[in-house]
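Here chain A shows up in two complexes: once beside chain B, once beside chain C.
The block that comes next holds the complex of A and B.
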């Protein structure tokens, strides 16, 4: 009973942290808005000052929600990949999803037209980038899924994923080489990742697709637990290996693909957060690890977003650099403390 | 009239050919024309030299690999006809891979055995928890329930892996070299445990091993895999009809039918006489044989060794026509025999 109470406290703590960070993330930004106003807007949707409510409702809340769901999605897909590939350094992008997305964006931004032209379309331009990224990652997903039903050896799939990634990256490099400075800058900014660029209308696409991916992830808990002990055992206990892989890859692609499409490739969360969850819960059971990873992932990305606001001016730091700076100390700490990465 | 079969065969293998599938049409055949049976409550050891196809046979029985041709019948039905889930309730498997996962508790690993019995989320109901707890008790690992799998010894981990198959609750359990990484006491204990489980739980347990002497002591039946055939029978039958000698054909090993174990074939060169009693006689004889002497008991007409026991002191005397040398240990005696005589 004592350990049950302790577990309950850990969960309560994680949920409170997540909620607190969510509120603080809305509070932080270039314009100072009093706490009272924020709570007022959060609960009534209105404020005495219309500009406050506009900032909170159209900018701060969408950004905080994006951070929350991106944290959920990237960390959960990282956990899935680490278990499937039995590799502690696997992350959401091992299958080449981010490389595929950047190829789509590169072709659009660098190849088709100059970014400024697209920018003139405003919201539509934003949507175009999302669609290009989605098509790119979807193409890679399709290749990986087609391979996963044919190839038996999981290491072969991993190597092919890395090869696809490298191939697309080199095509992107060629495109970059032939493009003008302004186009290049627009593309590089996309690769730095951004949580603030997701509009309210895009959230209506992003949140449902991530939610479906998360539901699929929860449905895959039993499969992931069986895969933990290796495919021979999993098969001997009645698991359909290829179907399970297909299912998990689909979920990962939906999670990582959607986030990459809307926010650009955000690194390190997917690799680091599952290890934090393993350290906190000291278990390999996905029934606990999956929700744990999700909650921690949301908190870490909200926290990273808050740090990226620290300059306090108009611009914020690129989120990708922050997640790396937040993630790397964690990974180093884990390695030094345990002398090795915890295997799945 | 010979009474052939009385027990019910749970497993029958007919004209099976096993091997590796290189492509859809090309197969690398390892063994063909396999005909074997297994009954309820039987402990069966699969014996054979490395590369003869023990693992492949076991993987075929466990449904992890497809045969090239022939049938494996489980409860009179071809295993190909079972659904994955149904088959997982009939046959469980322990592979040679060492499962070494950080943060995986013994309980969680054994609970994985309930996989074919639980719902989509793997929710453990009261009956599942009972089954896990009973399985751990049967292998004597109940106090380890909250330990991590990488904190326990190899022997303990093997018991946990067996508990997982018990939680899976299958009438047939297949284990690929469960004693491979274990020290001698653990090897005996694991096979003894398997024997007990086969009797108390009426399970058919099939395992491959290289520990022939343990298999002879504990198993009901041996499937002996030779290069071109598989012979089945009680271990004692195979000893008496000299089948074991065929395992390592052309090798320097021969099977000692009296002692039930393999030993090196020796070329005996010189003769030596030996006098002594009891255990001192036995081990001195072994030492002399190791040095390729043909030992003749009580022959004092040639060079001979006399083991003398006075109270606690034991002296080995080497006597030939010219002199008597005394040694305080077999080691010193053997050194003299090897080097001292021909400096």
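The block that comes next holds the complex of A and C.
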């Protein structure tokens, strides 16, 4: 009874934190807007100052929603990968998804624009980059999935994922080597990640694809729990291992791939957050870990976004450097504190 | 053993002392008394030229962003055989040069004004060259592409046997290229015009380039002529009460890079009678701003300049559809500097614009205050509709 109440408190606390950070993320930014004005805009959609309503409705709310869903997606896919590979340092990117997305964007930004006639090609728009990243990560995913239905040993897939990742990274380096400075800058900025570049119409694609990925993740809770005990046990439970892997990989790729396509690669959320969830809930049961990881992931990314905005300052920092600075100490602390991953 | 070490240290110290003495002795070559005249440099801060009886001394200071107390010195002479001994850092270059490699398209613009296009044998990034005459030579394979930044083709450069490679640096790595080229026995000079804050200061580097061709006088004539025209245009706009607010640049995702308040662009806008939004800023480098900040501050901008690779208003929305709510997009006037562009995206504004600051200024005044001019035909800019 007592422990039930404690659990309830933990959940309530996490939900309140998430909600508070979400609201704060909308209220704080590099432009100072009076709180009253923001309330007014949130409830009526209008403001005396048209630039304020444009900033709140078209910049801050989409950015806060992106941070929320990116936090959900990256941390859940991290949890899935850590369980599947039985490796505490696995994250959404071990399958080479981010490298694949980088390759897609690099070919578009560096390759196409330096080797072809730009005037005929036109402007490299927002959507074009998203599609290139998606195709890139989809291609790598397809390779990994094709292998995963043939290969028995999960370690083989891990190694192949890393090899594909390295191979694409080196192709990206070659493209960088041959491209002009301004194009290189455009690509480097993409790799720094950004939550604020996602527009409202892009959210209509991002949120549904992340939601499908999350639903698949919740449907895979039983498989993940069974795999945690061991593949032989899972088999004896009547689980089709290859099919389950396929299902989980697909969900991960949808989650991490969509976020990478729209926001660029955002690191460390996927590795660090599942560990925080394990610490708080002290369980390996994915029924609890999965929603817990989701809530914490959303909070961590919203918090990182608020720091990156440097409220009140003119400029902002790249989100990727903030998530690294927030994530790395957590990973180090956990590794040192719990040298044995008993709950893994 | 210990003795040997001490002797060794003493020996090295001795060598160091003697070197120092020799250098300062050689430095006497450049004493004020020997100098005939110092070339008049009015706006540029990065170089000076001193004339001596049988040679010229060029000094370049801090030729890249963030460089401190870095100096390059070149001695130029038609006959380098009878010269005195110079300090070790001096690079001797025989003039006039007749085979030149340019690592930036701006160098081509200077050389073009001096009518020395036929001296260019290699260029970095040939596809970005706009100059039609030089393009023609590139198409005829008379001018070759020598590669990019980290990807310079040293063997190709050496095989061109250039008298001079004109480099530029965005960082200290340029010192590395220079070193490498020097090892191959190739003369290099750093052209740092991009650091100048005044448009005429950038142009003034033509005097630097001209010295290598012994064309100092024609460079000065050209410079004085442009300076006169530029300042006449500035006079037109001085004392204007009503100045349109000006926004510059395009964002990348949620970051908007705008020129600093002390930059070349800010100076041009000021001279053209515009009110640049970040004119109070003290930086000459670009500022990385959060897009919502620019949205708020840029809301009243009447003129929006330099919109990247944009050709029409629709393309702005493909970059970010949120611009449809941006006042300068809805009500303002948008002008881009890509009116003269080649098939590969090489923009002449960044090439010949360097030697035509008066034309750029004329364009800007045509945009800001058409009532002041009789002829408002744009050269480098075009309206984005």
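The working rule: the second predicted complex is superposed on the first by the 324 of 344 C-alpha atoms of A that agree within 3 Å, B and C clash if a C-alpha of one lies under 4 Å from a C-alpha of the other, contacts with A are read in each partner's own complex, and residues count from 1 in each chain.
The working rule: contacts are C-beta pairs under 8 Å (C-beta built on N, C-alpha and C of every residue); 3 or more make two chains touch, one makes a residue touch a chain.
Since the structure is predicted, the reported quantities are computational estimates derived from the model, not experimental observations.
K.L.:
Between chain B and chain C, positioned on chain A by superposition, is the outcome a clash or a fit?
P.N.:
fit
K.L.:
Thinking of the overlay built on chain A, is A:245 touched by chain B (first), by chain C (second), by both, or by neither?
P.N.:
neither
K.L.:
With the two complexes superposed on chain A, say which partner A:309 touches: chain B (first), chain C (second), both, or neither.
P.N.:
A:309 contacts chain C only, not chain B.
K.L.:
Between chain C and chain B, which one touches more residues of chain A when both complexes sit on the common chain A?
P.N.:
Comparing chain B with chain C, the partner touching more chain A residues is C.
K.L.:
Using the touch definition from the top, say if A:278 reaches chain B (first), chain C (second), both or neither.
P.N.:
first
K.L.:
Contact-wise, after the overlay, does A:177 reach chain B, chain C, both or neither (first, second, both, neither)?
P.N.:
Touch partner of A:177: chain C, not chain B.
K.L.:
Enter the shortest inter-chain Cα distance between chain B and chain C once the structures share a common frame, rounded to whole Å.
P.N.:
40 Å.
K.L.:
Could you give the residue numbers on chain A that contact chain B in one complex and chain C in the other?
P.N.:
None.
K.L.:
What residues on chain B touch chain A, complex-wise?
P.N.:
The contact residues of chain B facing chain A are 62-64, 84-85, 87-89, 91-93, 95, 97, 99-105, 108-109, 112-113, 115-116, 118, 120-122, 168.
K.L.:
Give every residue of chain A touching chain C within the complex, in rising order.
P.N.:
29-31, 50-52, 54-55, 58-60, 63, 113, 117-119, 122-123, 125-128, 177-178, 180-181, 186, 189-190, 194-197, 199-201, 309, 314-316
K.L.:
Going by the contact rule at the top, pick out the chain C residues touching chain A in the complex.
P.N.:
Touch list, chain C to chain A: 125, 128, 148-151, 170, 252-255, 287-293, 295-296, 299, 308-311, 315, 318-322, 325-327, 341, 343-345.
K.L.:
Going by the contact rule set out above, which residues of chain A touch chain B in the complex?
P.N.:
Residues 218-219, 221-222, 225-226, 228-230, 232-233, 235-240, 278, 281-285, 287, 342-344 of chain A touch chain B in their complex.
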